[in-house]
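Each in structure tokens, the structures are laid out below.
Next come two complexes built around chain A: one with chain B, the other with chain C.
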Partner chain A sequence: MAVLSLFLPPFSPDYSGVSAVLFDLKTVTAMHDASGCTGNYTGYDEPRWYGSKSPVYCSGLREIDAVLGDDEKLIQKMIDAARDIQPDLMALVGSPVPMVIGSDLAGVAAELEARTGIPSFGFDTTGTTYYDKGAAATILALLERFTEPLATMPGSVNILGATPMDFGKGENLRDLKKLLQDRGLFLTACLAMDYNLAALRQSAAAEVNLAVSRTGLLVAAEMEKRYGIPYLCGLPYGEKASEEYFAALEEVRQSRQSRIFNASSRDFCDCCKLSAAGGACGVGRANDSRTAPEILIVGEQVQANAIRLALQRDYGESSVAVGCLFGLEPGLALPQDKDLKSEQLIGQELNRDNYRLIIADPFLKVLLQNNQKEFWPNAQYAVSSKLAADQIARLTGSHFNRWVNLRIEKTKV
Partner chain B sequence: MSCCFENTLHYSSPAHGDWGVVRIGMLAPESVQLFVCPFACGRHGAIGAMRQGFKNRLFYLYISQSDIINGYDDLIPEAVEEVFAALPKMPRVFFIFVSCLDDLIGTDHEALLAVLGAEHPDVAFRVCHMNPISLGSLTPPPISIQNNLYSLLEPAENRDQGVNSLGNLVALSPDSELHDFLEAAGCDGLRHISQYETYDAYQEMARSRANLVLAPAGRYAAQQMQEKHGLSFLFLPVSYRLEEIEESYRRLQEFLLPGQPLAFDFSRQKAAALQQVERARTLVGSTPVIVDGSAVVRPFGLARALLEYGFSVCRIEAQECSAIDRSDMEWLRAKHPEIEIFQPQHHKAVLFQRRLPGSIAIGVDGAYLAGSRYVVDLFNDQGMFGYYAVKKLMELIEEAAKAPVDLEGLINEYGLVV
Partner chain C sequence: MKKIAIYGKGGIGKSTTTSNLSAALAARGLKVMQIGCDPKADSTKNLMQGRIIPTVLDQIRQRDNQVELDHIAFEGFGGVVCVEAGGPTPGIGCAGRGIITAFQKLEELKAYERYQPDIVFYDVLGDVVCGGFAMPIRGGYADNVFIVTSGEMMALYAATNIAHAIENFGKRGYAKYSGLIQNSRNVENEDALVQQVARESGTQVIKIIPRHKLVQQAENQGMTVVEAFPGSEMAREYNCLADKVMKEVGL
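Coming up: the complex of A and B.
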């Protein structure tokens, strides 16, 4: 169903998610489009593009190719590029026109592989769904092709669902890696930023998967089925919440049971057991339908949940809702959370009287009619791209507390 | 030098791109734009518009897969009404943009325009195309959008002595002697769409006596204006060669004042240009120079000019050679076979072979690919024409040679859209 958007830019699409996952690998990747779709990715969805040598290309699709369904031209261009680039793999990425003409990119990839011997993939992305779907499908396809079950390496973890659309250039991921290292854990693979094919192959040996985004959750659930690796879904934001996160990680390692690290009612008891405050976290109040939430965090669901948990544990803010921009995963949601599928719904939610504080990408501020509400910007590349990259908050561990304290200081001034 | 243009997968460097149809369309005074497309198609245009400060005139109707299957013509009028309701005042121009896929599904644009026009007779509706899939056809997006802009001009009852400049997206620099020449030839100013703030004021361009097409993308629009308005045009692409500049002015003289003697003495401007050439060449010496198609419409012509001035041109970055640049390419092939031709979008570009960090690059794409630290800040011949263009280019080369540039910052400033 058509949706009108008057104020916000479109968010990062599925084909950008595919390309971002392939960025680090030695590929010949062709986005099957005329130029604009590739331009979306290289210009506005990929903060690592400047200075990189990643062979992500545009196929240069033209009307006559689309009308005649001339796959041979595309295949030949791929083969020519492969001759010069010598890739480990090749990929074709769909866009709206291949969707309309019914291109069989998986079939073309099979033909490519038969003719070159190079592992090849076709992704039927359409530009009508968000980046996380494309990213997850790509990671799963790579795992299926390159990863066999391996013996578990104790103390090893994978980070799953790392994309620039959620993490920009990856500062919060670097902080997470440091925290893992400080606790004696080691990284098998970070899928899909700062990794290579060898790391991908080793990823099946991880003891636990850390799903750091909705993309990561989709991958983690599948890896649990395929390789029996349990996962922890969440992020360690905030000093106290981070302690709980690592306690939860230890629990997952011991129990081999996957866990969503969130302020769900199931977590309520656990978190109170783990919390230094012991029963004072206030989650119960947030779940009370009689109390409308006072704080709204809008964005990617796993990150927004992590901010909520940190606000609860470290600052006693218990009345917090999450608004999901890219789809709501029921297993990650609390009753007060919202699936904000359109600009109209985002605007309605932001402007509800019960919210006194909004935490969201700075571009969303334009929808706020009441400037009495406090607004804390936390940019997300999938929304504001490079235009607000300097407002991507550093939130991992105690950085969260510094960020919040600075905002509180600014509010006082 | 060999002719080496290959149709490969396209590499898209961070310096690749141009204004894009959104920004060009925004030149129309009192206009708004509604894109009807899958959401993904609009992302680069919207972010670009936010950077340029006109997102408040740009709107989207995101269509789903089922909308594409069912046809989306009937969804547009309601969306148009919603856009009107959200605007502080009614626009005079409403551009409805469709994307590549629309070329393949046969939307009835005429019927749509008839419905909208009947409902809002005070608004000029146009269907525009953001369809790079048509690149290589007669009317790809950079050409069709210019035609949309000038199709808004209604035939005027009376003509005046004004002259329009078409094709160039930025008004010609006031320092160009073309203005003085036109004045001497009895013309009442060189008009450009960017100078008008209202739709009514913009109609002044319909009263002009002639069109000067300073960049190829405006030629189709000029042909259409000739049919619609009977307005003759002269194609005068920017050149940096003195001979060609002289010839351009001779043609312009004949176009405006046929059979009459030259109305203007260019000796002062020519001398100033040559003096600046000498200064720049002395400063640059034998430093290798890269000429890039992002800086100028005719990179082969510029390379020839620089070689004739005594510069050490070592490379030309051009994805292809346009018809108006072909004779200069042939000249270069014959006289300077040592000069490299690189295609900036060739799949091998990503290998970044043959870097030249000490070179001076005229154009950001060539600079990025070669790793040049010294970059001439020129994009798409903006503001250039005549002897002024030579003098200004030499000043820019001098400036570039004196200090390394923050290339990433410069590229970001350009706000390019693919």
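Coming up: the complex of A and C.
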């Protein structure tokens, strides 16, 4: 029962990641399910859904369809939808039932394409992994299909890994775009929010890729191989760290060497002048309660890392751990970071004595037994959906400092 | 790397024919992999000295999914890499889904990257009863399909059904149907009957394998004919089949 969630909802799954990436394109997207998964995506994982015209359908899979594997019925429905909508592309998105009966959605999509001439994709998503995997696979499939290598345009960047599950309606992304513009850089494509097919095609011309989430990192690594575009993985949160971020971006432009913009073990251990293997700040000794980290940031790894670095640079907080909710990406982690695979592990970590401050989605607060600890909410759509959308913190650049200062003042009162 | 799926009615001689093919090609210095896609898990036994090897699904179950390639892939005669997908206990579970799981596990463990085979054979259970048994001919798996048949009615009927299934998947970029292999049962007018079915389904008989007692004799020693009686007339027949298959798949 270690993986049972008693208090938390299930986090956004892979099929929602796929659908979110396709949302901006002129796509007929059909989830192959009995409608629960489609409802989960449109109702809870997609803030842009209400009021939009994006054609996301449910195949209406029923028992007899599962037994008979009647793909023709699905194909016919897609052909009908295509006639009405005239889409640029079509996609079939898997869910648990197609996984169990072994539907070959990639094969069905190939047939659909052969019959309609419209580029079609099948994603064998299962609902058993998280949104980031689905989103990354989809961006890569789209690139593979639509994006040929291009000559580099100096000063151009892509933003990679932008999904509502990580960025809600995208306020932090808009702030990031503004910062890029202020520095004379221009955006080729923001994958995958506020973009179109033309931008997707142009994305191969970018000088540097900015991976802003784990989704983004997965895509960036592959784009480096395919198109030779180096990447910078991170986010500019906080005044000082943002300056460093843009310096790092300049460096990537010059050197063409990819870089993960993150605190290093040394950043923390300089503070106590000890080796990275076990400084007094607790790095490398996370289990020793006297020296273990004092602050825990739980959530998406790239964003949590950016908060950590900003806290370190602007507020001198040198003892911070990150807890990953969607799997720990080793290249993004410091030794004290934790892979919080289940509600039980999340609860255990939040309640460790060494932490005095927790920064996490407000939903996680129910797991906290000791209300002596400070808790700063920073909502993530993949966790709390629209129920806490007003608590998605604006953190890009100096907004971070405002956010923190406000909280520090509150504590003093 | 060429991937080839062998289909055919139950008991018609798929495993015998495939194992002899594998052995013949391995003896020529090619790296061969044979994957049994049948819950019975006896596809590769004559390449393994009569030993039934542990199956992918058994190992997943027993090792709580901590499976490594060495737990499921075994080198037999001539360095042929032998794998058995396996399946649930008869009467429960889902054998078709089992094939998919086994295939995904091989992919996850990077089996093809590690062994770098020149040729992979999938020896697939008789009738394509559900999606799982079509897995070996889906995009990314087999490039070519051969169907083993005799001149018996039921075998020809099964062959025609399988050929239909492959045809139905034509638009999906699945494997190409490359012909019939006649494994003779010495029924009356056998060659002509098989020939006719081939013509009707727009394909060809790539080779007629005679029925021969050496097959059983080799089997009793846990071997293929190619291994046990390399100089025999029957071994020559299997070698000739190997030539035809190689030509057909463009190697």
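Convention: the second predicted complex is superposed on the first by the 385 of 413 C-alpha atoms of A that agree within 3 Å, B and C clash if a C-alpha of one lies under 4 Å from a C-alpha of the other, contacts with A are read in each partner's own complex, and residues count from 1 in each chain.
In this section, a contact is a pair of C-beta atoms (placed from the backbone, for glycine too) under 8 Å apart; a residue touches a chain by one contact, two chains touch by 3 or more.
Note that the structure is a prediction, hence the values are computed from the model and not measured.
Touch counts on chain A: comparing chain C and chain B, the chain ahead is B. After overlaying the two complexes on the shared chain, residue contacts for A:101 are found with chain B and with chain C alike.
Residue contacts after overlaying the shared chain place A:151 against neither chain B nor chain C. Using the contact criterion defined above for the overlaid structures, shared-chain residue A:10 touches chain B, although it does not reach chain C.
By the touch criterion stated above, A:111 is placed in contact with chain C alone, chain B being left untouched.
Note: residues 100-101 of chain A belong to the chain B contact set and to the chain C contact set alike, using the contact criterion stated above.
Touching chain B in their complex are the following residues of chain A: 1-16, 28, 30, 33-40, 42-45, 49-50, 53-55, 57-63, 66-67, 77-78, 80-81, 84-85, 95-97, 99-101, 126-128, 363, 384-387. Those residues of chain B that touch chain A in the shared complex are 7-12, 14, 16-17, 37-44, 46-47, 50-51, 55, 59-68, 72, 75, 79, 82-83, 86, 99-101, 103-105, 130-137, 347-348, 350-352, 408, 411-412, 416-418. Of all residues in chain A, those touching chain C in their complex are 69, 100-104, 106-108, 110-111, 114-115.
Here chain C touches chain A in the complex through residues 94, 96-97, 100, 130-132, 134-135, 138-139, 169, 171-174, going by the rule given at the top.
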